[in-house]
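Below are structures written as structure tokens.
One chain, chain A, appears in both complexes that follow, with chain B as partner in the first and chain C in the second.
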Partner chain A sequence: MDWTLLLQLTLNGLIVGALYGVVAMSFVLIYKASQVVNFAQGEFLLVGAWVCWWLLTEWQLPFWAGFLVTLAFMTAFGLILQVVVLRPLIGEPVISVIMATIGLGIFFQALMKWIFGVFAKPFPPIFSTERVNVLGLEVQPVYLMSLGISILIMAGFAWFFTASKHGLAMRATAFDQQVAQSLGISVPKVFAMSWAISAVVSSVAGIVVGVVNGVSSALSFYGIKVFPAVILGGLDSVAGAVLGGLIVGVLENWAQYLDAGWLNWGNMVTIAPFYALILILLIKPYGLFGTKNIERV
Partner chain B sequence: MAPDAPILAAEQVSLRFGGVRALTDVSFEIRRGEVFSIIGPNGAGKTSMVNCISGRYRPTAGRIRFDGEDITRLPTRKRAAIGIGRTFQNLALFGHMTVLDNIMVGRHHLMRHGFLSGMAYWLGGAQREEIAHRREVEEIIDFLEIQHVRKAPAGTLSYGLRKRVELARAIALRPKLILLDEPMAGMNLEEKEDMARYILDLNEEWGMTVLMIEHDMGVVMDISHRVMVLDFGKKIAEGAPDAVLADPHVRRAYLGEADEVVSEPEEALAP
Partner chain C sequence: MDLAPAGDYRSSYREDMTIFPTRNSRIAMWLGLALLCAAPLVLGRYELGLLINIGTLGIAALGLNILVGFTGQISIGHAAFFGFGAFASAWLHERWHIPVALCIPLAGAMTALVGLVFGAPAGRLKGLYLAIATLAAQFILEDFFARAQWFTGGVAGRITEPFALGSWVADREETYLYVVIAYVVVMYAAAANLMRTRDGRALVAVRDHYLSAEVMGINLAYYRTLSFGIASLYAGIGGALYAHYLLFVSVEAFNILFSIQFLGMVIIGGLGSVMGSLMGAAFMVLLPELVQAGADALSGSAIDRVLKLGASISFLREMAVGAAIILFLIFEPDGLAHRWRLIKAYWKLYPYSH
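Right after this comes the complex of A and B.
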């Protein structure tokens, strides 16, 4: 066995997994706050990455400026999406809301192709060095940045939910909307805020992936990869989403190792998380940290 | 606003769900600073009335005024902001959150600093505000004697304690009028006595007007200034506790359909 390669792949898995975790968190945020399963999560990454790419290449903004403008744009994007598309659907059957988010996904997927074309486009280089050496393993600096940003976002989420006024309001709303309202919390505001934060956080992940792999519609696959991660962690658990993301990331890379070394099926990287998804649904349908839905009749 | 004007006035409030009449033309006033109780048999519309006041239901007809202002169409959260707090019949605490966090949510509308301004925590106002909020929350925790569980997740507490935490959360809003939907249901005698004491203190020392729904007649008679009785969605009596208890309509509502039972004692006295 090639231990260095396995270690390298594990590290890659953790880095990519942290990104999955970030996207999964923003998915869970929307689900928790407004009970909407957002099938357009991947498109948040896509839109964010394209906007940032456009600002950096067409407008020649420095990276930090383009990054901040993108965040501001995505805040507005998330808010408008919630207010215009999702708010009128409050109280409608779950299936209608799901269809609406699938529709949104297709729409933005197509819109981005229409505006920016179908080919992957690279970000202008941000780091001068190609590779750095961490404990004997080769790592691209962008990956390190990606890991740093992921950890920062996770810490931010933890702070937001435990120590901020709006975080508390959001948890209260997730628990019981009627009670939250009776305590003076504006539920529509909480919904809008959850979409805005989710869009921003996803777009950060989108930009990071864009910097590593170039921007293309492949980014929206992250929206699908999120499902094994959140179902593993539990659909309504933010901490579970992070763990689920990490597990999926590592699993993918180990599957690749297995595939390249012995199986030679050639597709295990993409498929493995979904095998895991099916297994989890069979064994532990509420995920590792999800709440069991016990209904008193 | 005259000081003796009612804090809450319900005018001919009716509430219908399809063909079911939950409330029919109910009118009453709650005076500033009193403990006002609504009693009545199960399904009489007591909780429906409270829900109309707190904003969960919109009356089908009639009007509700709070502090002279028409609040009939005001959204729930705005009612919380102008001073109406409530607890729920079947406990509605945020189970995963600590007692402290539960109470802090009650401070929501009083907090000026939000996500962004809070970022500048150390620069100024936010820190001072946080300290002020914490002091007030601690005061409430002291008052309700729940210091020992302040960091515990609310879902792990005993029933009586949870009822107290829910009261604490409602108080944290600093309401002028607090609506208590069966604050003592399912409690043992000792817990009921504690709760009665808290309600009296709230009323007398904190100056909150209390609207209470309660089934325990002993408690209702002991701590209420006035009592209203609902039966099948209609008001059948209102007044001082003794007078209401003696009211023949009330006895009929509780004892069942028997006009003669009510009138019999007088006849029995006749030789």
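Right after this comes the complex of A and C.
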């Protein structure tokens, strides 16, 4: 057993897992508020990262300006998507809504490939690439920044849902739409807001991954990795999403360790979470921490 | 004249369940088939190739429609099963030297078995959880294709033999079209009749209200799993036909985008409509051609130079697929089959439609 490697992989898993957690959180946000399963979550990362990249390289904006403009753009993007595409589908069956978000996903993925090409493009260097030593392990500062931003976003979410007025309105809407309406909460506004916040938060994750690995269409795969995470953590639990993301991140790195050392299957790093997902659904059809719906005729 | 009445005057179940409500509709079906059989005399190889694609994809789309449209289950992994059928048929022929004509139904049966394996957990899942589980199935099967060299030929892919029946070899579009037509007729007739049996009605009951269905004595897990098996059977046969048309199967072909295209066919054609599946398949096959034609028409113009249409035609096609799905969901959620019914109703009531 190579303990240093295992520890290093675990740390990598936690860093990537924190990002999965952030994306899963913004996925859960949309699901909780508007009961829409967003299969286009990965494309939020993709669009945000490309827009930021474009502002930084073509317009030579400093990082903070490009970052803020991207956030503003993603707010508008999320709002427009909700109003134009998702609002007409309110009341349609689950399958239709799922399909609409899948359609959105492939539309924007192809659009980004059309505009920016298929090759990964690096961000201009923002952080020094010198490795720092944390507890005897070599870590790039970019990864530390990524972990820091993830924790910051999670703390922001925690504050938003427990203390802010809009967050409480969102939780009320998630609990019961009719009751929320009778309390004077504008449900359409809450829906639109959840999409805007989700798009913004996802795009931050996208920019972080872009800074670390370069921007390419591979980013949208984060949107698919969200599913194992939310199945692990429960679809309607924000804290569960973070936990699920961390578990998936560590799991895929351990799977890679197992794979490199003994199995030699290759590709386990991408597939292992899906095996875990099928296993969990076999045993618990509503996910590990999901609430079981009791239905009456 | 034998016309449909301008109202609903059916008074027995037998009349209600008939596939051809009038003699004319039966004649129209036979005429359409005869026209299709005469197509190789008129059309070129390229157009015949499109027809073959519509047929093979149409069979698989019908399977997905039985799952999604009739049973109300969703699958985002249909292309993986389609691919499994394609590889199974090629493998059966190469490894066990079974004649291709037998390989195709056998590949369908093998795919149905795999579908039942993935369908067993699906029997307990529904809606969103099922969508996620089938998404996982898509990635697991794709990974299996890339790894199982003995079965798929690995990255190199697998070369398949043309369809042969005795000394008659269907290795060109002109001849292979007849094989596809035969399969389309058999599979579509089977599906149309399935919906008239107890099992078919049970599937629809599960879709409409699964709790009531269960109360009425319908075994939910059994019918959900059965529906998954039937969908996989159709996907497998469609895939096998596809393999023996292209004569080469590559590992990368059966990705998630392909799965989404199948879902698109079902939605655009019309959920819960047998003939709609074929219309949806035709739409999905012809849509890229339309995009290509549009790009060709603009090639060389200023728009083309600015937007690089020619070089990025594959992305434009993907965008068209995504846009078509969204637009249909918003503006025509019942699909082309519903539009076709509206057109028929318009003529039936003309000129007194209001």
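By definition in this document, the second predicted complex is superposed on the first by the 293 of 297 C-alpha atoms of A that agree within 3 Å, B and C clash if a C-alpha of one lies under 4 Å from a C-alpha of the other, contacts with A are read in each partner's own complex, and residues count from 1 in each chain.
Everything below uses one rule, namely that contacts are C-beta pairs under 8 Å (C-beta built on N, C-alpha and C of every residue); 3 or more make two chains touch, one makes a residue touch a chain.
Since we're looking at a predicted model, the values are computed, not measured.
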item: Touching partner for A:Pro62 - first (chain B), second (chain C), both, neither; value: neither
item: First, second, both or neither for A:Gln109, with chain B first and chain C second; value: second
item: Chain B versus chain C as contact partner of A:Phe160, first or second or both or neither; value: first
item: Touching partner for A:Gln178 - first (chain B), second (chain C), both, neither; value: first
item: First, second, both or neither for A:Ala169, with chain B first and chain C second; value: first
item: Partner chain(s) touched by A:Ser186 [first = chain B, second = chain C, both, neither]; value: first
item: Which superposed partner A:Pro124 touches (first chain B, second chain C, both, neither); value: neither
item: Chain A residues touched by each partner, larger count belonging to chain B or chain C; value: C
item: For the chain C and chain A complex, residues of the former touching the latter; value: 68, 72, 74, 76, 121, 124-125, 127-129, 131-133, 135-137, 139-140, 143, 146-147, 209, 211-212, 215, 257, 260, 263-264, 267, 271, 308, 312, 315-319, 321-326, 329-330, 333
item: Chain B partner contacts - residues on chain A that touch it in the complex; value: 160, 162, 164-166, 168-169, 171-172, 175-176, 178-187
item: In the complex, chain B residues that touch chain A; value: 54-56, 75-78, 80-81, 85-86, 88, 92, 94-97, 101, 104-106, 108-109, 111, 113-115, 118, 169, 173
item: Residues of chain A touching chain C in the complex; value: 37, 85, 88-89, 92, 94-96, 98-100, 102-111, 113-114, 224, 227-228, 231, 235, 265-267, 270-271, 274-275, 277-278, 281-282, 285-287, 295-297
